[in-house]
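After this come two complexes, each holding chain A, first together with chain B and then together with chain C.
Now for the complex of A and B:
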């Protein structure tokens, strides 16, 4: 197969997957399945968005759940204060929730990105808990522990989940498109250089601070929009449920499982972990048994595939090709997209 | 006016004076060697000139412009490239991608356009061919030998077409055959108009390659001039070469 044919096959495969994703609510319209589909697509978007910062720059943020919750509250408060009725109208405000989250991320990133490595991780966790505490204590604004209600969608029955599924699909697609554009751009190459050696990147002219901040803001903006749609879907939010460290850890784990810094790795990680988590919840109740699964996956990834599934499989294929004797340069590329 | 002018620059780390009222000049199109015993402040001076650490006092001018308050990325943009004591490349990027990272682009559209398209890719391949490492273009940086990394680092710096390149121990850890190749590449690049400032301990390498030599001792310049004159300088013999 020539490189052009391979490229065509890849694009056709992607188009086929997208069409399949569009047809999910038609193929399996029962609410239990579409509910799994909504949450799976939500995590495809979240993991992809997190990867733009964590995967490309190597800055592991465990505080992205803060942006998720902020986006959720931003949309809920906008709808409440502007008196937006239930229906499709609230979806139009999702980009504004994303923009507000981006502004917040700009401020947080301005301070947090003065640190590196483990310090950055801790700073992002601290910001997340600060946001959670604010949501709990600013009772007049957020409703505090009593929660914040969204307008309840007017549609019902088997169709209830469908608009939310398509909203999540749209956001996940936008996230993937943004991730693809960044990965193939000079900006993305700069982010990868930062991941490999930040001081060296600075020495060869990469404006590291501006690049990291931009990636952080883009990532947070996408997460905020997804948080907004989530809030409308569940119709009632509480600080500890939307600014939930487990949401942040889930997206990180999905990226690590699929392949850190790759475009398709986060998608694969979300497609494996989220349905598995929901399957456990459906079959064993809300026992949080899925945390045992998460712990097991963490162990497997760290011990057997520290770079994630896609890079490990890609490396294995490269090794086999090398031993079969193809041109060295073709075999040497081990960076999956 | 010299291409690079360092005047009265000092830097202290706690109670240790690393660079002490140091002054030196690098002439345009020269290959200037910066030598001195261990701890004489050579690498610190490199870090001060390239903006990696802030100076305490003094001024640094490049092409008649003050650069001592700028960050490393801005100084790089103005035309000063550098390499590190131990070859530093991006290990998870291919050699070709390593060459494309330093390419200068301005504007949002340029930043979001393809990373390896058009003339830049061709120029990177041309430089890799010039350095005789084009065959590793698609290999990951981490898979290259130390010598290949040294050459790749040198090539990557050239991608932004700098006016001045600071090389920190280009001969360090390199076998004699490769050393001669590196010296040859530096001469050819110098013929193309690029100025070099080189920190090096290998005296044979410095004396054969450099057109001018500056000697540092305890953070101060104690001699400068043509290699032969510096070699005979009593202060240099006492502080460094005669030791």
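Now for the complex of A and C:
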């Protein structure tokens, strides 16, 4: 195949996958399956969004669950105070929830990005718990531990999950598009330079601070929007439930499983891990063994494939190609004539 | 005024426990450059081990440490060799994931054996108190504080007065250089992780006798411990101890002056302000590219 043909095949494959994703609720309309589809698509979006910050710049944020919860609360409170009726209306407010999350992320990022590496990781955890605490303590605003109810969607039956699936799919697609554009832009190159060596990047003229902050805000904005849709889907949220460290760490694990800093890696990671997680929770959720099994999955993934599936596989392919291709020069030279 | 004074005294006494737990965590970071997110779960594991021994042998909770501390030390050495040592690249992020998985696993196993009901260790002195000035101090807080001082003292003795302590400090300063002058950094790492877990066991007893706990208690613990070691400066023992005292005293004073629900928020505010001025924490060393 010529490079042009390969490019064409790749685009056709992508289009096919997208059509397949569009058809999921038609192929498998039963609520049990579409529920899994909603959650899987949610994590595709979350992992993709996290990767824009964590994968490209190398700054590992464990606090993204805070933005998720904030987006959820932002949408819920808007709907409650503006008296928005249930139906498709609430989806229109999702971008506003994302915008509010972006503003929050601008503040948090401005502060958190003064630190690097390990300190940054811990500072993001601290901010997540701070947000959780605020959601709990500002009872007058959020309802505190009593939680916050969303309007219950007007549609029901087997169709109930479908609009949420398409909302999650739309957000995940936007995330992927943004991720693709960034990866192929000068801005994306700057981010990768920061990951490789921040001081050198600064020295050659990459505006590191502005770039990091921009990536952080974009990432958080996407996560906040997804959190908003999630809140409307589950219709009732409380602080520990939406600002859940497990959500924050799950997206990180998915990115690492698929391939850190790649575009499709996070998608692959989410497609594998989220159904596995739901299956474990469904079958072993009653006993605490669920946690042990999930932990075991975690450990196997990290210890066997620390670099992720995509980088490992592509390395394997390129190695195979070089050894199977025209006689390798090194081998040819060592064989005496 | 008496109330504030009482809160400050109680803050110092409970701060000792957090100082002990946080120094184990910051030691592990210093030696291995990993963030042990599972440290809270290790403390809870220590508390449950003591609980099991205490319930079956009917001995004083603090005496159970003679059994649990060596057991936790051994477990720590094994955990380091199996789970931490294989991590070569991206240690910052991967170590967080691995230790988080360990925390989940420990939480699951504890939940399986002990259920998720809250339990607490008891001794005759956990309600008895003695008067100091205008208020009373419960014996258990004082005993716990003294125990923590004792173990912290032992830790400092090992680090600053023994040859092995010198190799631990050398590894903390510069891993490669330590290796070059003949320090077996792998062994130092395993032992340091073991020491961290043994201090977690000791912290667990004091935690378990002053608080009711269940397998899920580690989330609250780890968020406090991590903020403590960041405030103190990652890898600094002195910083961890001072930050622990600052945290608990400020929390206790906030609970009596404002309200208990805002107690931990004040500490977060202190953290934010300190990091604005000193991103490396109180006693942290600013290493280019690292911290």
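To be clear about the criterion, the second predicted complex is superposed on the first by the 312 of 337 C-alpha atoms of A that agree within 3 Å, B and C clash if a C-alpha of one lies under 4 Å from a C-alpha of the other, contacts with A are read in each partner's own complex, and residues count from 1 in each chain.
Keep in mind that, in the parts below, contacts are C-beta pairs under 8 Å (C-beta built on N, C-alpha and C of every residue); 3 or more make two chains touch, one makes a residue touch a chain.
Worth saying up front: this structure is predicted, and the values here are computed from it rather than measured.
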In the superposed arrangement, does chain B or chain C reach more residues of chain A? C
Based on the superposed arrangement, let me know which partner A:137 touches: chain B (first), chain C (second), both, or neither? second
For A:196, is the partner it touches chain B (first), chain C (second), both, or none of the two (neither)? first
Quick one: classify A:97 as touching chain B (first), chain C (second), both or neither. neither
First (chain B), second (chain C), both or neither: which does A:116 touch? second
Have a look at where A:263 lands relative to chain B and chain C in the superposition and call it first, second, both or neither. neither
Would you check which partner chain A:208 touches, where first means chain B only, second means chain C only, and both and neither mean what they say? first
Check the residue A:187 against both partner chains and state whether it touches chain B (first), chain C (second), both, or neither. first
Contacts on chain A seen with chain B and repeated with chain C across the two complexes: 197, 199
Would you mind writing out the residues of chain A in touch with chain C in their complex? 54, 60, 62, 111, 114-119, 121-123, 125-126, 129-130, 133-134, 136-137, 197-199, 245, 249, 252-253, 256, 260, 287-296, 298-299, 302-303, 306-307
Provide the residue numbers of chain C that touch chain A in the complex, in ascending order. 29, 33, 35, 83, 86-90, 92-94, 96-98, 100-102, 104-105, 107-112, 116, 215, 219, 223, 226-227, 229-230, 234, 261-262, 264-265, 268, 271-272, 275-276, 279-281, 284, 288-291
Sites on chain A touched by chain B in the complex: 181-182, 184-190, 192-193, 195-197, 199-208, 261, 328-330, 332-335
Footprint of chain A on chain B - complex, ascending: 50, 52, 71-73, 76-77, 81-82, 84, 88-94, 97, 100-105, 110-115, 135-141, 143, 156-157, 160
